[in-house]
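Each chain carries a letter (A, B, C, D and E) given by its place in the written order, and its residues are counted from 1.
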């Protein structure tokens, strides 16, 4: 009742169903052996499993700390992508003289801002190993799309197109040399954020650590019923299930958090952030933005938050 | 007596009233069963609850560490917003030639500085899911207000208006190209700070971890009286209440800290910081600032500090 | 003997005198009860106080970690203030053509550099809730002083005066547009450092955590003699005093570290750093700097280091 | 089964073969002595090895934390090198007018971009103590190669050549003063990343800590069989082997992670990253890039990930 | 055998000789009392010293973590100094037109680059409380040397001379306004790194923490033999020596790491880094660099690494 968001209980159990079935059968078996067949010699001192449990708790806490750091870094990178999308649009509108200028200049700003929307969606799919050119035609011209398909890394290609347009605008005198360099810096930051996401995506979390924790956890659960049976008798069964569920859940959480771009519901919400960027960029360009899409915005109350697990 | 600030004791207890009543009844029940009905077999080795307590202490310490980091990051972001509000005002007054310049230039500086005050108050309300346009008419023109209402994200709209004015000042030659880019950078920093606050607001802290800790805590408190009853007898009752209060309090604190924009007294003090920015900006503009508001300033002694819990 | 700096032993004990007297009397009382009145039933298993001690050690270690981070951040901010004071002076002397220039330019550089000295001393006093205008007349003109007194936050006012002078120098052509923006950036960094110090000053460390640790510590010390009496007899008295002193000392240290601007000997040495900045700025301006003040410099051997606690 | 990537089991065991053989023989010996020769007095309380195990777990967790930080910093530095390689190429193509310009300008961009590819490969070999000029003739001219061989530190030499070309382009008017400074900043970042890699390479992780942990670990394993023999009998042998394998594996992992440029399969993938940079730069220059090399790209599914250990 | 670098065993023991002699005598005395004089009542439960040992391990791990952070920050600062030395030289050679320019311009670049070499050596000695003007005449002119001796803080003086030369070059038109500001930024970074080193040098690590750990450690070692004697008999002597050596060694390491500029072999290698900077700067200036000095370079295989302890 203390918890702010209640996750459906069945959802949680579904995540560790296989483990739970095994643990239940195992603890029932131990209880049967102890009570019915009088294998009382199998009781071991409670100190062994509890101290083992302390060690595993510590290691899991450390590991979920590191996994959380990875996940938070991924989230921060996408937050920065949203910030720089807004900054780029504001810079275009501030630096290029759109309001009183020619139609051409306005079209230029829109082309670059739309390409930034495309970049966000494209990077989001690129990180999940999906086709990064999917639906890009909504935002960039057919020519750009063909151009960009020559690149293995689509977002890198899109950023080069942005650089080309920046040179073009500078040559036509629409922006001065300062403004060119300043917008180029925004592109450099976007390049850094792209590289940062790829770093997290492509770097596997040290596997030995996970194996070590997983093996210790199984050893702990195998020993646990023998340690509890003497004092708790049949009550040992729910205790073992409760304790091992906690450990399995937290281990799963750490494994999910450490890889935040794996196409799972607990991922970094790259699509939602891309849609927020789309909404804000469109509104800055005074383009019509359909009302029914609004609920997908960033600050929208509890209904839009997502669970970690 | 060692503590710097004494929080009213009843305030603390009020936070965990429900939990305390349950724990008191439970521990009294166990004592009654043990003493009056001679259920002495229910005593369990003290090692089980104490080691469980160690584990929970560790996990709570880790968790409150992470929650504290979130809360401190939110606080740091709002500190940066205050810094950049002051920096923006100083840049306007330094770069635009106000003192000896025309009335028009002075009005321009005031308009931008006041819009920054509006931005602070608006972001503060935006983060708490309150109406972000509330009372903005005190600081921005009616035209601006209508303009900004077209945006789902009001602070983004306000920053675009700032960008428009910046272009306007540059075109009139009131600021040079360097100064334009430099002020634009201050806007980029404000965009980053806005995005950072939204990131903290919209990212739910991993829920499994909290559930795991909460369940372990309840298990621990259920077992505790049985571990203590043998050695302490009736003294077990106050001991159980004291120990479980500590754990509940620290768990509550972590839950409060991890969401610093939830309209609670322990939030990041966004309204106070917005008022400090208002005061400093007004004094820099040499506008009259009512004396009675002064006590709300930043460095004002112990009376203005706020409790975490 | 392993320790680099020996703190006078009495100094340490003076800090926890009250606590020591209470603990001594309490442990003597327990020993008397056990030995003379044969209340041997009061002995409790050693496991309870020692495991409680482990938990408290962990929490104290975590807490002093966080407190140390605050204190180190405050120290780093003041280190940055020293750095930026030196940078500002070097920029003034490099950018404004002083050596071969008119007397007027030289006076300008001195005025700004002296105002930076004033800013340091003023911020130091502002953070300790002392009068921030004290002795400022040594460094700034009477007119500036009156001007600055209109501000609630004196350092903000001083930075605005610096901005005014920067505009003045630019209009006279003493610095070019690049140099103006570059010096303005130094002011922005100083604004950030000012805001960072105020953030640490005004944000109270979560109080629940401290209360929880303090209460657990008292519970631990109350139980400790009963755990030790069986094995150690009268030797329990010095053991209890030694162990509880350690815990009280480390708790005190954490409380002191977490608030580094409280006018105590363990504060961040803001006055010393301000004097170092004064010395370096004066020597850069080739002003005479009295020899007797030199020992207060930064790298001056062990005599100038300060104790924590 | 919970683990995302399954490492071949024999690969893991191969890493600690020597240690495993020793531990197996030792634990069998202890079991023989206990069971056959009735040296039952050699049993020691289980508390000693388990508490020792807790301590070692903690220290290993701390140490692998620090080792992981070093390894992650190295990975982040190489991510930044990839980002800045892309940024440099984009800046060259944006700032120098290549498309409609003379052949000469195009050749200039290619020369600088190719030299960046050479820089990446050269730094990769430099960090592994291999010949850093190996195959550089693929990317830089013979004259450059001779020039660069006068440097002890080849990447520093390459960066100076880049600086020379930058001056040359500026003198010919191909880039303006802003663009020169902006590209120079990219070189400064590359200098910082070079220096950061050398710092990690040349700074040995505190050795005492490792020795202390290793000695404690041996002490723990020597005592372990004596603690388990009483309760587990012959089952002690597999338990000792399982527990000591976990500890040895995690110790090995920490030792591998802390030195990420040692020519081992678990290194930071500097060659792969250099090839990704080569691919992206070539595609940005519209050079033909052989299809068969594509699978070495950054986001290429599970086949390209690498194990830690 | 797992360890990458083997430190001579006698070197390690030499560090804690006094402590080892005391501990040996003490544990022998306890064994004699127990075995020969049958003071068997002195045996205490093993739980007391082992749990105390757990606590101390935790605190030492925390403390050496913080000490390591200080030491690593110091190392990072000197890495940044090396980076900025290379960057400054590259900027001078890129921005000032040396190759085809007059002799005068070349002399100017050399003068500034040499002064940077002097700055490194001077800062290195300044931090160790040695004469910071020692051998500076190798790198700077007699006039500069006299000038700089008027400063209490020699590196600050050298940076002001650099600023003077920068103004001089700008006035003669050798660098443009952008380049002046960009090089000035390199000076600002060097100022920050100088200040960072002084901050670490002058801020004593909280002493109470060290005292608390040291006292707990002594208490632990005094109790240890009594806890082991019952189970191990005479074997207690080597065990006590082995365990206390580990703790003393790790305590010493933390104390050494926390003060990285104390003229000890485990310091941050400021002299080696200064020599690397000298070598690279000389090679960039195409000056002859004596071959026999080359082995002191940065990446030179295992012979140049240094031990921590």
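Rule of thumb we're sticking to: contacts are C-beta pairs under 8 Å (C-beta built on N, C-alpha and C of every residue); 3 or more make two chains touch, one makes a residue touch a chain.
Going by UniProt, the chains are A, B, C, D, E = Bestrophin, RFP-TM, chloride channel.
The shown structure was predicted, so the numbers you read here are calculated from the model rather than taken from an experiment.
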item	value
Between chain B and chain E, centroid-to-centroid distance (C-alpha), Å	39
Geometric centre distance via CA averages, chain B-chain A, whole Å	24
Of all residues in chain D, the ones touching two or more other chains	47, 51, 54, 58, 178, 252
Graph class of chain-chain contacts, one of line, ring, star, complete, other	ring
Direction chain C, origin chain B - full chain order round the ring	B, C, E, D, A
Of all residues in chain B, those that touch chain A in their complex	44-45, 47-48, 51-52, 54-55, 58-59, 62, 66, 126-127, 129, 150-153, 156-157, 159-160, 163-164, 166-167, 171, 177-178, 180-181, 184-185, 187-188, 191-192, 194-196, 198-199, 201-212, 214-216, 219, 251-252, 255, 259
Residue numbers on chain B that touch chain C, as the complex places them	1-5, 7, 12, 46-47, 50-51, 53-54, 57-58, 61, 64-65, 68, 75-76, 79-80, 82-83, 86-87, 90-91, 93-95, 97, 99, 176, 178-179, 182, 186, 231-232, 242-243, 246, 249-250, 252-253, 257, 279-280, 283-284, 286, 289, 294, 297-299, 301, 304-309
